[in-house]
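Same chain, two partners: chain A is paired with chain B first, then with chain C.
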Partner chain A sequence: MKEQTTRAMWWRSPSFILDNRQQAQPYDTARGGALSIPPPPSTAMADPNPNPNPLTDKISAYYQTRAAHHGVVSSDWLAQAQAAVGHIPDVDDDAANSDQGAPPGEPFSVIDEFNNWRKQPDLAEAVAAIRALAAVIRNSQATTMMELEIELKKASDSLKSWDTTSISLTAGCDLFMRYVTRTSALEYEDFNSAKTRLIERAEKFGEISYKARKIIAMLSQDFIFDGCTILVHGFSRVVLEVLKMAAQNKKLFRVFCTEGRPDRTGLRLSNELAKLDVPVKLLIDSAVAYSMDEVDMVFVGADGVVESGGIINMMGTYQIALVAHSMNKPVYVAAESYKFARLYPLDQKDLGPALRPIEFGVPIPLKVEVETSARDYTPPQYLTLLFTDLGVLTPSVVSDELIQLYL
Partner chain B sequence: MDARRGSLPVPRVRQVGFFTPNAQPAPTRSQSGPPDSSSPPLSDSPASNSLSPVMIPPPRHHSDNLAAAPRPTSPLPVPEPSPFRRRGADNNNALLVGSYNPAETLLAMSPSSSHVGDGESEETMSGGWFRRSNSGKLASSLPSGTFDFSPVQSTAEALKPNKVQNPVGISVLNNTILAEVSARPAPKEQQPEAPSSSKQPKPKLTKAERRALQESQRAAKAAAKAVAAPEEVATIKSVKQHQTQKKDAPQVAVSVAASERKGGDKSQEKERRKDAPAPRMQFDDKSRVEKAKRRSVVDQTEAKKRVELFRHLPQYEHGTQLADLESKFLQLDPMHPAIYKVGLQYLAGDISGGNARCIAMLQAFQQVVKDYSTPPEKTLPRDLTAKISSYVSFFTQCRPLSMSMGNAIRFLKNRIAKLSPSLSESESKSSICTDIDRFINEKIVLADRVIVQHASSKVKDGDVLLVYGSSCVVEMVLLHSHELGKQFRVIVVDSRPKLEGKALLRRLVAKGVHCTYTHINAVSYVMHEVTKVFLGASSVLSNGTVYSRVGTACVAMVAHAFRVPVIICCEAYKFHERVQLDSICSNELGDPDAIGKVPGRMDVNYLNDVSNSGNLQLLNLMYDATPADYVSMIVTDYGMIPPTSVPVIVREYRRDHLLI
Partner chain C sequence: MPDVQALVNEFLNKLKKRKIEGSQATAKQTAELLRSVISQQRVPRTNQAGALIDAVRAIGEQLIVANPIELAVGNIVRRVLHIIREEDLSLTTAAVAELNLSTVSDDDDDGGGGDQDDRPVLSAAAVAAAARNTLRPPSLQMLLEGAPDFVAVPRSSSSGGDSEGKSKSMDRNSRTRKLKHDIIEAVNELIQDITTCHELIAEQAVEHIHQNEVILTLGSSKTVLEFLCAAKEKKRSFRVFVAEGAPRYQGHLLAKELVARGLQTTLITDSAVFAMISRVNMVIVGSHAVMANGGVIAPVGMNMVALAAQKHAVPFVVLAGSHKLCPLYPHNPEVLLNELRSPSELLDFGEFSDCLDFGSGDGSPLLHVVNPTFDYVPPKAVSLFITDTGGHNPSYMYRLIADYYSADDLVVQRRHAAGN
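This part shows the complex of A and B:
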């Protein structure tokens, strides 16, 4: 059991996340235990290109980052994270010059910048990308608007290809490009003032995105009433923010947390809520229907909000939404607007899967297949409302917003 | 994005579009009203473009009221031949053929009514002409009863053609007076399809003879009126049964009676018309039908047995008008040959499919614009718009317009109205032509290409796609996906009586697509193996309702029941801000015989002898409405959107549609 715990901790450690050699054989690690523990983190971190390259080994980088940020907090983990945050930037700055991903002749790498931002556990991936892209504009050597735009486009493309499974990263990059470059003032100004304007807009956008969680938390306060029971699935920083603010506002409510297998994100959330003195009950994922009659509302976050108004979120959201729908309980989604993506999945398998290793604690026979998909798609008809920084929206407004943003 | 952030502290739920009934009620008040894409101003509603009888100017009859009304305003002489050469020739031709009334009146009044040329020798031939065009003359040379109110009642547009004709008539007169032969070759080059009979010599009468003729006609009409008066009180059915006589007295009588009835409160009527949104023609509204009929070019014979629930829709006998209209080709003077050709093609069913019909119509309009020249004391925007309205009403009579065509017409009229007055005539004309080209290109051709790109991204290997009927966009999607090397199977579902799927099937099989063909009866059986349903649409309404070939709703519902995603492919120009809840209030009725008879199967034609019995009504609906609940996705040129976002597109891009 002790070995189990250490291994589980190892999985959640940032060094694991950043080690791309490890990810080639995730099951071996799960099965083989300590034997296949990867080389020390320092070498991993010295690796110049931390891109796990999700296309080749099919493991979603997005979920690794999430696992790193959202795993059960332990002092050990915090120490490691602290070390990583303190240490890696230097390494990466050194490595930046030899980064193969960066275009030749360019001293600035958007990926590195992005990784720097990404290491802040509190910063969403998309916001990190937005900050990184803003830095691209700032550091650009371009002398014409067109050049700058092409450079920006290239940077955003490389960010997007860095992790194709992350919806919010792609959406954030796209939205940034839209928001920043879509200003008519650019046509009338000289290059330098246009550039400063772009930087202004970029920073404003970064600021908006950064503050999004606070806004959502404020908006959703009216939906939490005294004495209510809230079912929460997964660990979402927005949902945590919402609940935190409700607790600060002296609302009386209790929370049911699902366990959130396989990365046990529910445990982390219950941890955080317990710190706030909110009554919490942990449920195993399969106890949702059993306890649904006590629940007044379901709160979930989202990895991405798609054009139909449905959401893509951690595995299990769909079934919770189905159960809640059949029992006429409202399902609320808290999601920042940079997660709005121009995707339209028709069914669960319509999206490219984001795979994630799952540990079962016991060795799995080779012949047994494991469903390793990390997320599912919840169609809009099972969602009641979306709390976003644009306001409280019904699912059908998402498409409205997307059409306005993209067309 | 940030602009909205100011007003956030209170939780607000914004809603657009429409919601599925099973959606949870929002816990707070919803602050949004109806989507602001709501009704446009009366003027640019396509209904007012196409179907309102109020707007339809008299296309054919140079009814003498019109000829008489402007008599004081347009003095006779002052011929101005050169700019109106073509038109003059055009009308000269028309004059030859039959509806000679304006010229006649003019001649009668004219002091200089001397006729040079053809003279008596052709009078022998003119007898035949008279017999044929007799009805038209009777109808048009109405007794003075109509004179007093018609100028007031008819709208500005209605008056316009008559004004157009006046100078033309003059120039014609002038031409004849000057004894120029030049008028003769002109019609030939303008109407290449016209048979040689177009050069039939003009029936020349002396003034006295013409007077006598007119006198006798009036007498005959008065008699007929007296006979017909009681009939008007009887049911509309009885009027219908007099189809054969329709052209004669009863119709005149009815119209006179109708207009007399209305004469009293006409100012009130006018007010009401201004306020109310232009209604679509309701064919159970007797007076309106009669009114429209008086102006119509196409003599649609109403079906004897009409389906009761669909009384408000035009129900005509099929297959009779084509020959009639073809023979009338030479009499339809204000009609451009290109318009005429397309109208006949609509009537005959040679052009079908929303895009094809719309493109054909726009190209005909382009031809019209190219050949157009502004008459004197007219402005191009106003006159051309009126002309187009009259053509549109002609098209409507040939076959009811689709909503997409309504949008295209609205676009065209908008472009004409927005023309800068500083432009010269040729510049305006070329600008309109370019606009039409751009509309066809951007809204139809390029839009299709974008839709194909989007939709084929949804086709995966191993898919079984079900298509219904024949939609050109869906066909393009299938072929493109096939070209991309995707491995999929197609199930073509078809239905009687059109069996359009067979043509699609043939083209798909020729390209090597793996196909299955079945009729709609088997759709519930085949649906279990289907992974996606691709459907076309005639138009998409703003509540997400898809208006499409009849049977589409059935396929979509079965697919929904089997949890198969239903994908609608539809260009955004077919989106319409109307809301429709059922297939009854607006639809098109096809030939009822088509469902009663099975061609080539003598053994199953059980209805042959019963079809005349009074208690059988055959209903052949052409379209149906699929509720938004059964639609998973609409693929349009703006991307893939849920059906709830149709009003967003309509709202955001309506201006765009009009201006491009």
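This part shows the complex of A and C:
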């Protein structure tokens, strides 16, 4: 209770969506995270420059001493953290928090099935959810369409509640449910054939994910020209596919990766790009505005695309979009179509909280609050184009597409 | 066939040598050429639409390559392809609806027997509905409908009809003739639309131009001329500033025509636009092409006018006939969608021959003369598009594109290039 009132002081706008979600999730991940970090290694002071590629001797002595004061992370601690980071942050976080979905009464648990599918590194979350729901249909004992729908709804709800913060999961489940209610028995006299058809299509949906990335990569090839500089934020498999294909097409370009604290997404991405022989430069998150005039375009993925045409993505995307917009650089988003969600956030606080602990390397006093949100919302006016498997879209087209789907 | 080929070659020649001026003339001639191609094309018994589409595609590819900057050519090719698909679909739907009663019993028998090849047996209505969806650009709904419907139906919309109509051999002959007839009629309508687009746009002039306004325009555009004159006829009194539009100075011609029709006109240089913009109520310009994101390809100098208008919060209105609407998204439009014309329009060779001397030094002259034809105006600078269907927001362009074009025709190349 006390925590809630102190936090309430800092909020600008009480959003009722937030209050609802707040009751569902306890808020102690931030404090917990800050306290449970390993003690800073003693070598931190000796090596203030954790960069694996040491710079020339042009390092400013002034900044060197300042770095020493702040107890910066050393390179082996970095390697440790990097090894530990191998998963999507908000899902992992909530897996620790929420009550592990008690398996439903029947022996078949949709959550287990979902987790099995999620283990595949290339598979997107929404598609894993669809596959799990397809398995529900397969194992269902229902004899009528209505029963099947009810079962599916239950399964879909349990999936959604397992991780309330994942937009693509919710959107994927909603799309599938919508699809089920649309393919009514009017077209089929026979329930079994309807069931087989549903399973067929659910499986096709899974294939669509991998194909979707290829389609998006092909659509974006024209926009990457020789000699361009691309700024990338966050580790998106779609964006990686885009850059892979461009490298395979022998385009000459270089990539600036933001570091992506605290998930170190930039490091993972730069590893991947280095394997493709693409010239990569790592920037700390604060260096984005500094380097923006050298940049020709910004490429990001999306956790979800909302009705207004804006995107929800890793924390920092909004900042980068603002800077790019003010310097007239185009911001391109690569997102599959099943990420289109029926949300309309008006400001940052309208998103459900997705918190993840941040390690600073040094203990933080309890009184100090930490902003641990893992994602932000970028409004559509800062985005130039969205590359989806439905084609190249301007942000205003997204709402039209959603209407067409949910009509 | 031979005379069609001769026509095509002649047209290709004209395109390559840039003998045809203006997107309206190009569009009209392209449509007429494609009409002759279609009427002369011999179609097989089955899959007529597919054969026509292939023929038009083959010719269209050549036309687009001959003059890639003239986007109207590609637009008309895609419109004709869309027409073919649409007409074929409406014929199929009509035929299927007739046979619906007789084939219901067939469906029941087949449904029990399991699926043949990869097309599950659906009722006729579902086939038509799915096919209708394929004419629109791919949507989420279509993704969920599954790949077989999406792939099988557009490849040959008539084969959907084939699987339904088992006893149509007699009707096929009349269907062929009817299909071609319908397509040619629709292409005639298209040509009619292209020719009369000015009138439809000019009809809307009265809503936008009010009493005692000052309008600014750049260069010369027939659409703008008709637009302004239509307002004048409705007894609006207003003044026009015409920027001359260097280096072709077509603004001079426009100014003369406006004066001949009784409008108060002021002629200014392009450089004076920023100076005069604060006295202007509205900027009305024509365009060469409108891209799918709402960006405009317009004669050089237009971007400057758009920026001036933006800075002074003056509405920037673009007039565009529907044949100018292009379904492509521009990447690097300043370079790829632009053409460099002869430098002689800027400089007289005689006077500057010593600067342009190739013989001196390392062989390249010190003086370069660049004369680009077009400018790209980004969508956020445009306040309103006026087309023959009415006034629209730049973000609404994709909707018009969805109406006029099919998603499969975006890349007018042979099938082998489109491997996903």
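Just so we're on the same page, the second predicted complex is superposed on the first by the 294 of 407 C-alpha atoms of A that agree within 3 Å, B and C clash if a C-alpha of one lies under 4 Å from a C-alpha of the other, contacts with A are read in each partner's own complex, and residues count from 1 in each chain.
Going forward, a residue touches a chain if its C-beta (ideal position, glycine included) is under 8 Å from a C-beta of that chain, and two chains touch if they have at least 3 such contacts.
As the structure is a prediction and not an experimental result, all values here were calculated from the model.
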- request: Scan A:Lys214 for contacts with chain B and chain C and give back first, second, both or neither.
  value: second
Task: Give one of first, second, both or neither to describe whether A:Lys204 is in contact with chain B, with chain C, with both, or with none.
output: both
Message: I'd like to know which partner A:Ser399 touches here: chain B for first, chain C for second, both or neither.
response: first
- request: Name the contact category of A:Tyr344: first (chain B only), second (chain C only), both, or neither.
  value: first
Message: For A:Trp117, using the defined touch cut-off, is the partner it touches chain B, chain C, both, or neither? Pick first, second, both or neither.
response: neither
Task: Considering only touches as defined above, state whether A:Glu307 meets chain B (first), chain C (second), both or neither.
output: first
Message: On the A-aligned overlay, A:Asp190 touches which partner chain: chain B = first, chain C = second, or both, or neither?
response: second
Statement: Going through chain A, the residues touched by chain B and also by chain C turn out to be 179, 204, 208, 215, 218, 222-223, 337, 385, 389-394, 396-397, 400, 404-405
Field: Interfacial residue positions of chain C with respect to chain A in the complex
entry: 111, 120, 122-123, 126, 137-141, 143-147, 292-294, 329, 331-332, 379, 395-396, 398-399, 407, 420
Field: Of chain A, residues touching chain C in the complex
entry: 175, 179, 187, 189-190, 193, 197, 200-201, 204-205, 207-208, 211, 214-215, 218, 222-223, 225, 337-338, 340, 385, 389-394, 396-397, 400-402, 404-405
- prompt: Quick one: in the complex, what on chain B touches chain A?
  reply: 1-2, 4-5, 8-17, 19-20, 22-24, 26-28, 30, 458, 532, 565, 567, 632-633, 638-642, 644-645, 648-649, 652
Query: Once bound in the complex, which stretches of chain A touch chain B?
result: 179, 204, 208, 215, 218-223, 307-309, 325, 328, 330-331, 337, 342, 344, 346-347, 350, 380-381, 384-385, 389-394, 396-397, 399-400, 403-407
